[in-house]
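Listed below are the structures to be examined.
Consider the two complexes below, in which chain A is the common component and chain B and chain C are the respective partners.
This part shows the complex of A and B:
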């Protein structure tokens, strides 16, 4: 069994890398809007299907579409965010509850739309990278790395670095961080919370959709895939501490490792249960995440 | 006004009690039984969501736990129905306790995530262990007596309604919950223990739900993870309460009646477009949130209050608004 361990660890890191991109954008959105987007998995699913159909119609490699899909879904997010903003800044009822309920409703609606349009079938997106793989032999143990997963990890690192640059080195990022710290004070300092919120939500939807295409190449796509990724996004964000971006990569890698270790050593269908058990224990012991820095 | 409301309730109650004696259509009775069950599920959901302000997106889990507990106890432990039924409620209550301990100390966002994840986890559990029958579900001993189930459901929901009415609208307990909803820090400052109260309200919400699930299992005689533990139960509860009006008992009941009537008609005439139902549910939530954040009942009551007492119109409307305006930035931090 031990000879499988390097393979399990490699798979876990490669998979966890992709979860970083989902969770980092998701966590950022929570930090700025203070509302959880229950539709995160549905954005991933929509992105995956867009990639699938674009590939079918044009025959081009899905990786070439990534920028197109980002721009498209950035636009979708940019248009939808003001509605959420309106709900959150309402004076009737409890705006925070209403915001949560609103995204929950969106998620149900999106799932219904996808099931209507795409049916219950599951598919995968063919890519030039899908077939290839290469072997590494550290210490005499063979580890197989599928090319597409390695490209996926490269994508995740690139997205993370770009977001890091955007947040830490630009004026826009300064505004985003200010909003996350204190909305009213940021507003007084001249941060346009509406527009910044729309940009952040657009970026988040765009990244989620792009990641969907990648997941479609690596694993599979289906109208019901959203639920699973929503759970993963929640898991990573809660484990990292809600709104604490620096914890996200570690939590995402941990999720990838848990998944791959269960795939290889235990019953794969118990993976989700293990994920829930870990989540429960973390919440019980350290409710603010692994690093105790969540809000 | 209050007496008139009580009279109307008494008339509806009496009519529902007499109905099976004069009407023998099994289909109608079946629809009514399920409709009454949904009223019970919706008002139980509202205890934690509407009164306490903590959204439980996994209400269906407690329903399913109740159903499965009764199924397992009756079929594998050979317990009689009456002995198993309370245990279904207890099982749901204990699950709420276990799920509530880590999450109710935290902000509402965690609770919403955790309950939703819990419902997924329970479904996974039912699919993967043996004693639930896995994906095949389980069949209960059939007891085919529509009248019996109609009365059982009616009386159970009646008792739930009366208990919740007393606890939430008459006893101080309801006021304490509302205080937490409006301003948790403020409630703490007044000497309340929010975590304990939230825990109590969560259990108070889960327990009747489990009992209703138990009755449902015995009535339908077949339970499986996708129908009993699927997300549709939770989703419908959310729609009913948000559309009907959170934070009251009549709002969710009204929402339950309307949504259930819609569902029944939809299933009867448009059963080829079942997925459309999901889209409508989602859209209805989004539309209710944007246009009637107080729900149908809340909007109706406010309009009526405004029409009869115009001089007091501004005051009751602005008070909760001011409170939530104070609370909003705090939640933002």
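This part shows the complex of A and C:
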């Protein structure tokens, strides 16, 4: 069975790549707005269906539409954020809790809308990348890498690097980091919290929608698909440390590897149990995530 | 003042008396439908809804169910089980105690059916599920629950037998099932059948529902099984085919039970769906004859095509057949809307006795043994997707087209 180890590690890393794409922007928006957006899976779902229909209408590869989808959903996120901001900045009751309830409600509403608009069947997005795979043969062992999953990993790395650059090397990023650290102090230093929040939420929704296209090419799409991705985004972000962006890729890779290795070497029916157990143990030892840097 | 208070009390009491009286006097059958209209199993839930709706539309188009010379229309009252057994049980309580339905058409999934069955037993309300297939339902011997689709351990062996008749005969099999009542039972049924057929089982795994199975399939690939059999639901079928294609492994045969018979699966996977085998008990081209509603399977498929732009699959057909089973039993006992407990007991006895030919085939419920109250009147079929259509390839008596075996490599399609 040890001959399967290189494949298990490869599958785990590729799976981790998918989890990075789901969780990275979710972590960003939590870090800045301090809202756990339960609608993350639904943004992914909307993006997936947009890619599906654009492909169906034009016959072009869905990956070509990623910039269009990003711009479109950036706009949607930019418009919706002030509503969430208003809920979160209330003075009565518990605004954090209200934010949770609000995004939870959004998720349910979006799921219902999607069911009405897109129907109840599962679908798949065809892409030229979905067709092939290539084999590596290290030490006489065959390792298969599906092209579309490798593209997914490349997309995850690219998004991570772009976000890193944006946050660390630009004035906008400086404002975002200041806002994440102390909203009032950032405001006093001239950071427009409303507008910056809208940009961040727009970026998050745009990235999530693009991720939907990728997932539609790798897996499948359906009006109810969002829920499972919301759960995984939440796990990855909790494991990474809430709002600690740099921890997301490592947490996602760890979850992917655990899942892959457990599925191959142990009882596959207990895979999720293993994922939860590791999550709980790490949180028990380090409540602020893998690196102890979460909020 | 005191007189006024008494009058209000009397008025309220009169209302309570009047409501049940009204319920008994209605001139239509009020039928509760519990199914998955949201959640993970929304596709299957809506397919069952189509089946029940099509039956109700057809009955009402003919003026209703004729009982002792008078026609009574049917009215379906839906309750969403949310793909959640607890929600399904709560929905059953509501339909029975508040909506006071005459009888119930049951859920899509076995998990929800297993939660609803004890509730309908408690209130003594007959239920026929047109979809659920887990053997657990029938092993529990629920007195008030029936099912028109035979359990998977009744149908599963047929496809394995068909595959063992291929040349060169497959020798090894890997069996994977998703971890829900139906899919797990499907995998177990294939395992039992494979053991009987002396196929070597190189892998048997149950995986959490909805998971990415690529790592597991990588392990399966290293064992090079001739046949891969999978028990799951619609979305998982699509993921499974894509994962196999992505890792570049084409078994000689891929068997995926009945979910592949819906046109939507073929649309979703396109040419990758070609030559996939499935197990079913009905197709739109099945050779059936009936005197109730639709004369044969083709007429039903045409009606479905007209209503939904989809010829319907075995689940949808099973749900319409559930309606026909109730219709036949109601006529047999002369039951009218607003049945009391004694009449419902008679209805159960009638359901146990009916033996009716429908567009779906024969409906005859077992009255004892491990298939208690499941339909054992149908012959299981092995089907294969060929040229974008579902073709029956086994058993020999029902063959529409010879099976294509081994499967064509993914990369050369």
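One rule holds in what follows: the second predicted complex is superposed on the first by the 283 of 295 C-alpha atoms of A that agree within 3 Å, B and C clash if a C-alpha of one lies under 4 Å from a C-alpha of the other, contacts with A are read in each partner's own complex, and residues count from 1 in each chain.
Criterion: a residue touches a chain if its C-beta (ideal position, glycine included) is under 8 Å from a C-beta of that chain, and two chains touch if they have at least 3 such contacts.
Worth saying up front: this structure is predicted, and the values here are computed from it rather than measured.
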Room on chain A for both chain B and chain C (clash or fit): clash
First (chain B), second (chain C), both or neither touched by A:272: both
Chain B versus chain C as contact partner of A:174, first or second or both or neither: neither
First, second, both or neither for A:150, with chain B first and chain C second: neither
Partner chain(s) touched by A:184 [first = chain B, second = chain C, both, neither]: first
Touching partner for A:260 - first (chain B), second (chain C), both, neither: second
Partner chain(s) touched by A:96 [first = chain B, second = chain C, both, neither]: first
Touching partner for A:115 - first (chain B), second (chain C), both, neither: both
Touching partner for A:166 - first (chain B), second (chain C), both, neither: neither
First, second, both or neither for A:76, with chain B first and chain C second: neither
Chain C region in steric overlap with chain B, selected from 25-33, 43-51, 61-69 or 79-87: 79-87
Residues on chain A lying within both footprints (that of chain B and that of chain C): 111-112, 115, 227, 267, 269, 272
Chain C to chain A touching residues, read off their complex: 38-40, 42-43, 45-46, 179, 205-208, 210-216, 218-219, 221-222, 234-235, 237-239, 242, 245-248, 264, 267-270, 411
Chain A - residues contacting chain B, complex: 30, 34-36, 38, 83, 86-87, 90-98, 100-102, 104-113, 115-116, 182-184, 227, 231, 234-235, 238, 242, 267, 269-270, 272-273, 276, 279-280, 283-284, 287, 295
Residues on chain A engaged by chain C in the complex (per definition of touch): 3-4, 7-8, 11-12, 14-15, 18, 111-112, 115, 120-124, 126, 130-133, 135, 144, 146, 148-149, 218-220, 222-225, 227-228, 259-261, 263-264, 267-269, 271-272
Residue numbers on chain B that touch chain A, as the complex places them: 49, 53, 55, 57, 101-103, 105-110, 112-114, 116-118, 120-121, 124-125, 127-128, 181, 231, 235, 238-239, 242, 246, 275-286, 289-290, 293-294, 298, 321, 324-325, 327-329, 331-333
